[in-house]
Structures are given as C-alpha cells and as structure tokens.
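First the structure, then my questions, so here it is.
Labels for the chains are A, B, C and D, by order of writing; each one numbers its residues from 1.
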C-alpha cells in the first residue's frame, strides 16, 4: 500500500527555502506579464533575466550552504509541488541561469516587434525557462512530471511559432509526440519505483533504493533510459531534434539545445545514481554504446547538413553522445570498483554538460544573428559575413573552436577528461570484450572530435569566410549591441572555463563524488588515485601565444617588417566568381562518400536540351540524404499502427444488429468468465 | 617552471627549430638515395624557408584577420607540441603542462587555424584542400588515439614521461608502431596519403590549403609543417625507441640523449623515405582504407596491451 | 434549508420545462431557460453544501437520499447543465438564422433539455434502486428526443440506435435489479430496494445472486455509461446531438450511469468480495480506453473524436474505481469532474467551430489560429487539457489513477494505460494541430458572440486551470466523504 | 413470516407458459398487426398473472398492480403502437427477417429450451411464486432479444423491446411480495414513455426512409 503524503503542516517554511521560489516566481511573473501586457515585448525578457540571475544566486548559495527543501501546499492529497535544491540541482540550475541570462540579454535585441514580438513568444519563453528551473528542483514524481511536461509544452509553443509553414507544423507535431512518448516511459519508470517504494516522493525513492530487487531496477532503468533518451535526442530517438530546433526562434533554439536536452542528462544521473544504485556494469555499457552511436552519427549528420541551425541541432545529438560516454564510463567504472575513475568520468560528463550549454548556446545565438541579418539559414547562400559582422564572427569562431574540442577552450578540457575516463575503462577492462568495447568507445570519441572540427570549420568557414554566395549575404549589418554583448559574454565564458577548468571541475568533482562514492570525501583524493596525466590550459595558451609572438618577432628582427600586397586570389587565371568557391556540400562530400552506406545520399540531375543533345540550356540538380530512421524505424511503426487502427474501426460498422450482438456477446462472455 | 625545465627548454626549442627543416631535407635525401638519384642538400629546406620569409606576401582581397593570424597560431601550436614531446630526454620542458592528449589537441588547433585560413581566401583550391585534409584528419584521429592508448592503457596514464619510460618489447608495441607510423605518414602529408611535392589540383590536400599563401606567412607555415613532422617522429621515437634518452639532466646523459635522438629520427626519416619510394600515392578514396587499417592495428594493440599487462 | 434546496432542485427543471413549452416568445423562452438553469444550479449547490457540511439528507419517506457521493454528482450535473444552458440560446439563434431551424422548435428543445436535466438529477438522488433504474431509463428516452432534434436522416439514425441499444442495455440492468431483490428477499431483510437499507444487510446477501446481479447491472448500465464494446451508440448520439446537448451527454450522462454502477458495487462488494467488482471495472475500464484509441487515431469527424475521447475517459474513471483503494477512488471520482468540465468545454467550443465552418469534418477546419485566434488557442488548450497536460486539471487525476495502479502493483494495467494514454495524446494532438495551425483556413459564417456564450466557455476554462493548480479543500473533503462511503469498512480513507 | 413456497403454482405457471408461447409467436412475426395482437395478448396474460397474485395475497397493493398492468400493457402500449402499425402495414411488403424463417424458429426454440434448462433448476425456491415463472420470464426476455436481432423494421424492434420488458415484468410480479409498488409504477410508466418516444421515432424513420431494415441505417461509422 502506498503511503500518501498529505501536506505536512508542521514543517515551517524555512527562510532559506524561499530562495527556491525567487527564480520560479520571477519566471512566472514574466510569463504573466507577457499575457497581460502583450505590447511590452521586452518586459518578459527582463523578468527572465532577473529570474536567471536569481537562479545563479540560488545555485551558488546552495553549493556553498548545502541542500534546502521546500514543499508548496498540495495540489491534491497525493500530489504536491516539492522542491529540493541540492548540489546536483544547483549545478544544473546554474547552467540554466547562466545560459538563460545570456539568452535573455540577447533577446532584448533579437525579439523586437518585427521579429518574434508576439504575445505567445515572451510568455512561452518565460514559462519554458521557469519549467526547466522547476524541473531540476523537483523532488517528487508529481513535480517532476509537471515541470517536464510544462517544459515540453512551452517549447512546443515556441517551436510552432511560425506555424504557417508546413514544415514547422510537422516539426512541432513530431516534437510534441516524441517528447510525450518519452514522458510516458518516464511515468512508467517512476510508477515502478513508486509501487516498489510506496512513495511518490524522491525521498521515499532514496530510502528504498537499497531494497529494490535487481529485476525491478533493471526494468526501471531501461524505462528511464528510453524516456530520457527521447528528450536528450539520443539516436535513434533523435528525429524530432533536427526538426524542432531549427524551427524555433534562435534564442529558443539556444535554450532547447543548450539546456533543455540536458535536463534529460540531469534526470538520468539523478535517477540512476540515487534511486537505482548500485548500478550494474551493463547499464554503463548500454549507455556507452548509445553515446558512441549518437556521437558519431550525430556529427556525421551535422557535417552533411547545410542549414546552419539544423547543423547545430545534429551537433547537439553528438554532444549528448559525448556526455553519455562520460556517464556510461562512470557506471562501468563504479561497477568495477574503480570509484576514483568513476568520479572522474561523471565529473567529465557534468563538465561537458556545462560546456556544451555555453558553446551551443553561443552558436545558436550566432546563427540567430546571421539569420536575422541575412534572412536565410542556408549556408550555400552565405559567406564573407566576417567583414560586416565582426563581433558575431569572432564569437562564433570561439564557439566553433570550443565545440570542436580545440585547446585552450572549454570543449577540449571536458573532452580531455572524458578521454582520461575512457582510458581508465580500457585499462581496467576485465577481459578482452570489455577492453575492446572501451577501445571502440575511445575510437568513437576520437572520430567524433575529428569530424566535429571538420563540421565547424565548414560551418564557420562557409558562413563567415570567403565571399558572399548570394545577395542576401552581401549587404548585412552587425547585430544590435544586446545580441553581440550576450554572445561575447558566452564566448568569454567558454574561454575562461577553458583556461581555468578547475572552476567548474571542483564542483562537478564534488557532485560526482557525492553521487558515486560517498567515501571519497575530496576530489583531490580522486585525482591522485591514478598516475598524473596533466593538462594545464593556461600553460598551453601561454606557450602557444609566446611561441607565435616569438616567431613573428624573430622573423621580423632578421628579415625586416612585413610587406603585403592585396590582390585577387589565384583561381587558374580567371576572375573569381562567388559560385566558384567550395560550397558546403562540396566540402563535406568526401565524408558523404565514405559513409554513403549509412547516409544513402541521392542525386537527381536533369539536363534540359532545347537544340539537340549537345546544347544544354538548363541543369536541374537536387541532392540530399534519404532519411534512414524514418524509413526503417518510424514509418513502419506508424503505418502499421494506423493500419491496425483502421482495421479496428470496422467494428463500428453502423449496423444496429451488429451492435446488439456486441451487447449480447459481452453478456455471454462475461457470464462465462465469471462463473 | 623549474630550472631543470628551463635548461631543457633552452636545449629543446633550438633543437627542434633547427632540426625540423633539416629532417625534411634528410627525408628527401633518403628518398633520393632509395630512388638512386641525386637529391637536394640537407639544408635546402632552410634556404627555402629563409627565402620565403624575406619575400613580400600577396594576400587575397577577400581575406580577413583569420588568414593573417593563422600562420602564427599554426606555428605556435606546433612549437608548443614540440616542446611537449620528449626528444632527447624522456621528459620534456613543458611535460608537466600537458600529456599525449594535449599534443593531439595542439595538432588539432594547428589544423583548425590552417583550414579556416584556407577557406578565408575564397579560392576554390583552399576549399578543396581543406575538404580532403579534414577528411584524412578525422579518420586519423581514432587511429592516433588508439595508438596512444595502446601504449598508455597498460600504464593507466597518458603522461608523456611515463610513456617514454616504458619498455616496448611486446606485441602491443609492434602493432601500435604500425598504427602510429601510418598516422605519421598521414599527418605529415606524405605518400601514399598525400604528396608533399605536387601542386596538381586533383591530388593535393595539404598543399591546396596553403596554396594561396606566399612570402613570409608561407615561410612560417613551411617551418610549422616541418616541426609537425618532427613532433610525429619524436613521439614515435619516444614510445617505441626509448633507448638512449636522457633520464636525468646531467651533461653526459643529455649528450647521449641528443645523439640517440638524432639517430632515431634519422632512422625514422629513412623509413618514411623508403615508404614514399616504394608506394604510389593512393586515390583519395582509398586513403580511408589505409587509415582504417591503422585504426584496426591500434585497436588490436590496445587489446593486446591491456591483456598483456594484466598477466 | 437543505430539504428545501432538494425540493427546488427537483421542481425547478420541471417547471422550467413546462414554462418553456408554453411560452410563445422565443426571447422569453431563452430567458426562462437561463433562469431555470441558474435556479437549478443554485439549488444543487445549496443542497451539496448542506450535505457536505451536515451529512446525508433523506426525504420523501426515505425514497430520496442524498449522501456525499450523490451530492457530488448533483454538483457535476447542475454545473454542466448550467454551462450548456447558458450556451444554448445563442447556439439555437445561430441555427435559426443560418441553418433554417424553425424558431418555435426551441420550445421543444428547452422542454426536453430541462426534462433531461431533471431525470439526471433523479438518478443522483433516488434511494430506491428500482427507481434509480427507472430514472436512468428515463434519461435515455428524454435525451433521445434531443439527439434526434435536428430530424435529419443522420440524427434519426443516431437517435434510433441510441434508443434501441440503451433500452436493451437498461433491460439487462433491470434483470440485475431483480436479482438483487431476490437476494434481499433471501436474506430476509426489509425489502425496500433502498440502497441505504441494502447496505446494512449487504454482507448477508447471497453471493450467488449478487454475482449475477452485478454482472447484469454492470453490463446494463455500462451500455449507458459507454463501456466498450457496449458503446456503439455513443459516437453517433454525441455527434448528431446539438453541441450543448453533446456536452451534457458526454460530461455527465455517462457519469450518471457510472454512478448507478457504483451504488450497486457498493452493495454487492461486501457479498461477493472485492475480486469480481474489481475484475469487471478494471476489465471494462481498460477495454474502453483500448477500444477508443484506434478511433481517436483515425478519425474524420471532430465531434466523434470527442465522443471517443469520452469513451476513453469514462474508461479511465472506471479503471480507477476498479483499482480501488482510497487513491483510486479519489482519483476516479475527481476524474469524473475534470472530464465533465473539460469535455463540456470542448463540446461547447466545438459548437462555435462547427457553426463557424459549417462542417464537422476535421479536414474542413483549417487555420483556426489565423481565422479566429481566440477559438484556436482555446481548442489547443482544450486538446492539451483532455490529453492530460499540466497544469490543467486532467493531469492531476490521471496522475492519481496511474499512481493508484502502481500502488496496487498492477503493472500490466499501468503499463498499458500509460501506453494508451500516450497514443491517444498523439492522436488527439495530431487532429487538433491540423485544425488549429496553418494559415490557409477560411470560415463560412460569422457567429454571434454573446456574453452568455463566452461565459459558458470561460467558466469551464477557469475551472480546469484552477483545478489543475489545486483541488480546493472542500472538494477534497467532499470526495473524501464519498470515498469513505464506497470503501469497504475498515480501510482507512487516507 | 409464512413463505409462499407452497403457493399452488398451477394457474400462474400456466399463464407464464402461455406468455412464452405468445412471445414465441410474436417474435418472428413479420406482419405488424398480428405481432401487435400478440403483444396485447402478452399484456392480458400479465394482467391475469397480476390478478392471480392479487387474489391470493389480498390487499390493495396487488390490485393496484393489476390496474397498472392493465392500463400500461393492455391499453396504453398497444394503443400507442396501433397507428404506427397501421401505417407500416399500409406501405408495401413487410421487412424480411435477418435469418430465414425456419432457422429462426429453430433458434427461438433453442433459446426457450436453454432458458428453461439453465434457469429452471436455478429458480430461487421460496423467493418466487410458481416454479415456471422465472424460467419463463428469462425465456421471454431472450426471445425479445432474439426478435430485436432478427427483425428489421423499427416498429418490430420496438415490439421486441416491449417483449423483453414483459419478461422481466413477469419476474418482478411473481417475486415474493411483488416489487415495491413505486418501482412497479415507475417501471410501467417508463415503459409507456419509452414506447411513446420510440413509436414517434420509428414513425419518423418510416416516413423518412420508407420501409427500411434499420440495419441498413449505416451512415454513421468509424
């Protein structure tokens, strides 16, 4: 029998606990202000900024002072909004707060009356951020699910903002359907825990964690894994992601990609380390496999795409894969007893989560600035924007370098940690299969890194470098100050965390240690557990900069000052036309050819002849990739479901006689069954 | 930095800067030797670089600051890598600041800068070279890391000093050497992956990227390329031929280390030259197969290394 | 005071019905209808308040009995009837102006509407199970006139099937009543057929009779409640009736039949044990949810879509009550209220949409958000509400239902219900988005915007938002009393 | 309280069996006027049963039951259906049954025998007057259901429904002490109102669609 938790009247509302309410309240006010004052388009973003800053404050406060909890009056006797702000929550709240602050500032410039000024956008934006904040604070099944669904709903409203385009409508529907299906798995998982623990609160789950049967834990884990994977965009549950993220306004895409999909990572860590511990090794292997597949395929698809925002969306799939590699490694390692290394792995995953939020947020904001300036997201129409949009270009470059794991930026730091964790997986592998699996994961991560660099060299190079490929990209203006300021802030954060990763790793290490190895009191103990592998980004940066400057100075000293002449580039003696430049698809073509078995590229080219076979007047060319998952996974499922439904519908044939016989048959059958 | 580091720094930096072009000359000389012809002198690369450094640079009218800064970043990153890699000693001047993965990261940084610069000119050759180079690089990456892991996993660390202090006399190291040797060929843009001596549009990769560069920036890039080549060979030498490397900072040890080091990289250069002479350049889309082979070798090396270490 | 309210509750609908039939002017009929609805509702609320605070009320020699459960049902009935009653005048005026409805027919409409309301109220307050049966039969007969109100071929067909199927079902239920009577005779008790009396001797009732009686009653009333596969009449009737009538049919009529089942279950369970009622209710509940889903998935008619959704939701409530325990009963009963409000809202809104577009075909309704932003937003909100999205009310009760299943470790049922809910979400949202989004829609007619009509939409909208945020303490207390009455003795309420 | 178990079941059983016979005859009857006659006969038989019980028991309750039965089953319902039956009889040939006549008759016999075979032994001794009343009432009810399934016209279906209800009415009448009067009255009035409404709708259907098998009304599907 389930123990229900009626509102606990004795527990006074702690003053500390109200800190939880500040961000949520501000977001709520922002959402309401959007409804009440639709003409003040910037007011909701003001509230969102205030809320996000208070979220940062709350997160920092909780990291310093330990957990607080807050129970709001109950909704129903079995349902209440319960909040708990502990270190893990605080960390994710910080991520949300930091990115949402930047995005809110950006929105002052981005969401004016002409673009995304409608009542729905500001309201849904605040609701969206608020729901994410509430989600990571939730401490009961009801609260978790409420905020989970609210988050989906608010983001759905934003995704379908431009619903007059058929593609956007389709994206919105697929998004909502997939995310809700995922939520169904979460409900099932939570209910499994609730039934076994007799509680609907996370506290009850924690208490009961040790007593669950292994079978039940495995079942719950798989349910949660599917549910969270659908939200995180793990392949093959990712199909909504590359549709929904480009469809949303860019400030929303930044949040969806930057933090929303991370809430699934939060959930996975929360559930598996707290409610389902101890975790068997095979969970870790499953997650490692999912992570490897998502990382490699995600980046390949990203590389193939020429829609700037869709490219970024696919790249989110990749980064979720990288994060999962860390999570999976931590499970494998902790199951093998290598707790220090497990802490390192989880710490890497958490760190990469923060990093990805920063640089993916930055990149989506950059893409938004480009879209706003040029009116297109198609890279084949862009080029040369670095001259007119220097700030956007510079910050986008930082983001690109960071996401490509180029030192000294933050992406490299977390990828370095993940590789160290994988090294421990390989080194501690018991038996060739485990070693081989670890090696494959390593290879996958390495391949991902290489392809990601390719992908973002393409993204930055084709968009910002060279010459404009269409009129749309020729006469453009730099984004307003609010937008560039936000992007610069995020770029700075990428650099700072890249140079001083310990700022974050201290926290992630402590969180990971608390989650995995309560006996390891300090993160330092963890690090000394293995022979020291070192990466000191400040030293690296100093060396690179010093050598570069030194080289330039020495050369100048010996050979005199630089002499430079500007001229047209060499293109075999003719004048350069913008169309001669390597296009995005041409750049990516070698990879497309290598992976054509998977990507299934197609090409339709048609020549129109008017005066005999030798006079081609027009060439029509169309190329693309065949959607593998849709064709082999989703379409069969959906179509068989619809076929089944159509078949079932025949029972309602309109025949009165048939209906009467249903009643009669039911009576007979039930009488027989209940004899 | 300790005084010891500074001392090593003072030795290693000039060593790599001076040795790198000479090593390229050595490879050419070896090639000429294997091909039974008269090659250019050992110091020819030096003169080439000096010539470029003195010349005026012609810059594409579409180029931005990315193009102008790329050579410096490229060279800076590779020089840093060169100071991370153990050369004449098993430790290196910057060894405490980075490990094997950091070296991989620095190589990536260099490539990143160069690839962007190639796209910045708006020339189609830049795009062509970038496209191919980056495809190779992406496929090299797993092989490189697996090769490193094969050496590192049994030790549980990627610390370069630890790796250079190992005793490479097992199956794992043989396999890993095969893997990393192919990686070195690809990273240095040599036959059968790329041809450093051609500017033919249909085949070039690395040369396509730097095609638009001229004058001083080209000189810096050439020097950087030579340094990168030396870094790769130094790593090979450190992992697989650790004999003779200095294990402390005494003069005799360093002297012995220096001799041993030059000997080792020369031998490796000979191997590269021999490979170049014995093979024809592969078609672009045959290269992935070669790099796949490297990855498989690396994979086997990892499994062999860890299981062997466990016994 | 409470007795007075009860008397008013049972008199006002009849008086209104007669008055509307007799009045000559259409405007006066409209006004009388609204006044009648308001008075009935006020009486209902007063009665409920009296019962919740002062305990059960008996009247007319004990043949009328109102306990917390009855009072709860009274509140649902009068509320939905009030909303539909407020909505009706403008709706009918539109039909008169655009669809060729003869003005004098509104007299007929109001007559049957208020009689319908009256019969439903009788169901909720009757103490005698035989009279309860007769009241349920009467609802069929009276509402059939409303289903066939438009006198079109389709409406006649729907009314006929409704009459036939429900009459057959209800006849089956009468057999169950008879068997219960036999059981009461055999137990030698006072043979009044009052459930208040039967409850006192229920443990002594012969299980052999009661098992049969329960099966007959559940199937008989279940036909009326819309349990699959006995629900065949439901989509026809709901889609052919005028939209306000659909709202009442779907919102509360089904619940009234379920109420009848509940009364029988409460009497039969002590005799036959908890197993059979649980099996029957969970079985029919699951089956209803499962059968409804394919029809939601492939559907062309907006009102039929909503009708099948009613099958689904009545199935959910039944399932929850079958799962039982305080949590299951609470959530199941709460779900009745939530569903009543949301479904009434949706059917009334559909009235707007259907009149505006002149069609019920989903494919014929496009670009609502562009054509009528408010209606579009409301339809989307309604669709999200009916599919159980927070922060709207149905989420709370559906969560409770699933949690109740988990609490009893009924894993297959929980898994199946979660799966089916997810599919029905996808189905309903798919259809809703097709109607709401897009920019190329075009409406056929402009509908009269009356204050009452807007009020009839605003009230349930506010209700479903408010109930999603917090179930008010009085409601919880009332439900607690109702649950306590249904729970077997000895099980603590919370 | 003296149980009525030893009440001589003879006359009541005869009436019950006669009711089964009339139902058997009416269920598959295609000519509306004759079917209506059978229905009226059922009403008369029910009245006789009520009278037998009233005579036996004495007291106002029994005679009131007789009056209700007479008023509803013999006078009102046949009267309501009469004009509809005339109208149907006037237009064209009668609807065919869904099943051919002979198999339908066989089926009806099987139904009756099953009812007696299954319910007969179960008949609750001591709760019921007459040994055959309960099986007979179940048989009549099932015959009504069968008629509902095989008959095509709307009017015939109404009559089938009334037959079903007659079966139950018999069971209610013959229960010891009878049903509470209020219930009997309500059931009777309900039946009457239902028949009125159904008669109305069936005439509407007859006018709108002509002589149609209601099973052909299939515009509403899926």
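By our rule, a residue touches a chain if its C-beta (ideal position, glycine included) is under 8 Å from a C-beta of that chain, and two chains touch if they have at least 3 such contacts.
Since we're looking at a predicted model, the values are computed, not measured.
Enquirer: Could you tell me which pair, C-D or A-C, is linked by more C-beta pairs in contact?
Expert: Result: the pair with more contacts is A-C.
Enquirer: If we define chain centres by averaging CA atoms, which chain lands farthest from chain B? Would you check?
Expert: D
Enquirer: Find the most central chain, measuring centrality by the gap between its CA centroid and the centroid of all protein CA atoms shown.
Expert: Closest to the centre of all protein C-alpha atoms: chain A.
Enquirer: Per the centroid of Cα atoms for each chain, what is the distance between chain A and chain C, given in Å?
Expert: Their C-alpha centroids are separated by 44 Å.
Enquirer: Just how far, in Å, is the C-alpha centre of chain D from the one of chain C?
Expert: 31
Enquirer: Please compute the C-alpha centroid of chain B, do the same for chain C, then give the distance between them in whole Å.
Expert: Computed from C-alpha means, the inter-chain centre distance equals 78 Å.
Enquirer: Quick one: chain A and chain D, Cα centre-to-centre, how many Å?
Expert: 70
Enquirer: Could you list the positions in chain B whose residues touch two or more of the other chains?
Expert: none
Enquirer: Two-or-more-chain contact residues of chain A, please, as numbers and ranges.
Expert: In chain A, residues 649, 652, 656, 658, 660 touch at least two other chains, as defined above.
Enquirer: Which residues does chain C have that touch at least 2 chains other than itself?
Expert: Only 160-161, 164, 168, 235, 295, 298 qualify.
Enquirer: According to the definition already given, which pairs of chains are in contact?
Expert: Taking the chains two at a time, the touching pairs are A-B, A-C, A-D, C-D.
Enquirer: Where on chain A does chain C make contact in their complex?
Expert: 1-2, 4, 6, 73-79, 141-142, 145-146, 149-150, 153, 160, 163-164, 166, 169, 172-173, 176-177, 180-181, 183-184, 187-188, 191-192, 194-195, 198, 200, 641-642, 644-646, 648-649, 651-652, 656, 658-660, 662-663, 666-667, 670-671, 674
Enquirer: Quick check on the complex: what are the chain D residues that touch chain A?
Expert: Those residues of chain D that touch chain A are 98, 145, 148-149, 214-215, 217-222.
Enquirer: Which residues, counting only chain A, touch chain B once they are in their complex?
Expert: Counting only chain A, the residues touching chain B are 383-384, 386-387, 393, 397, 401, 404-407, 412, 416, 419-420, 423-424, 426-427, 429, 432, 435-436, 438-440, 442-447, 449-451, 453-454, 457, 460-462, 465-467, 530-536, 539-540, 543-549, 551-552, 555, 558-560, 562-571, 576, 578, 580-582, 586-591, 593-594.
Enquirer: Spell out the part of chain C that touches chain A in their complex, as residue ranges.
Expert: 160-161, 164-165, 168-169, 172, 211-212, 215-216, 218-219, 223, 229-230, 232-233, 235, 276, 279-280, 291, 293-295, 297-298, 325-327, 330-331, 334, 369-370, 384, 389-391, 395-397, 399-400, 402-403, 405-409, 411, 414-415, 418-419, 421-423, 425-426, 429-430, 433, 437-439, 468-471, 476, 494
Enquirer: Quick check: in the complex, which residue numbers of chain C touch chain D?
Expert: 63, 128, 130-131, 133-134, 137-138, 140-141, 144-145, 148, 151, 153-154, 156-161, 163-164, 167-168, 171, 174-175, 178, 181-182, 185-186, 188, 191-193, 209, 235-236, 239-240, 295, 298-300, 304
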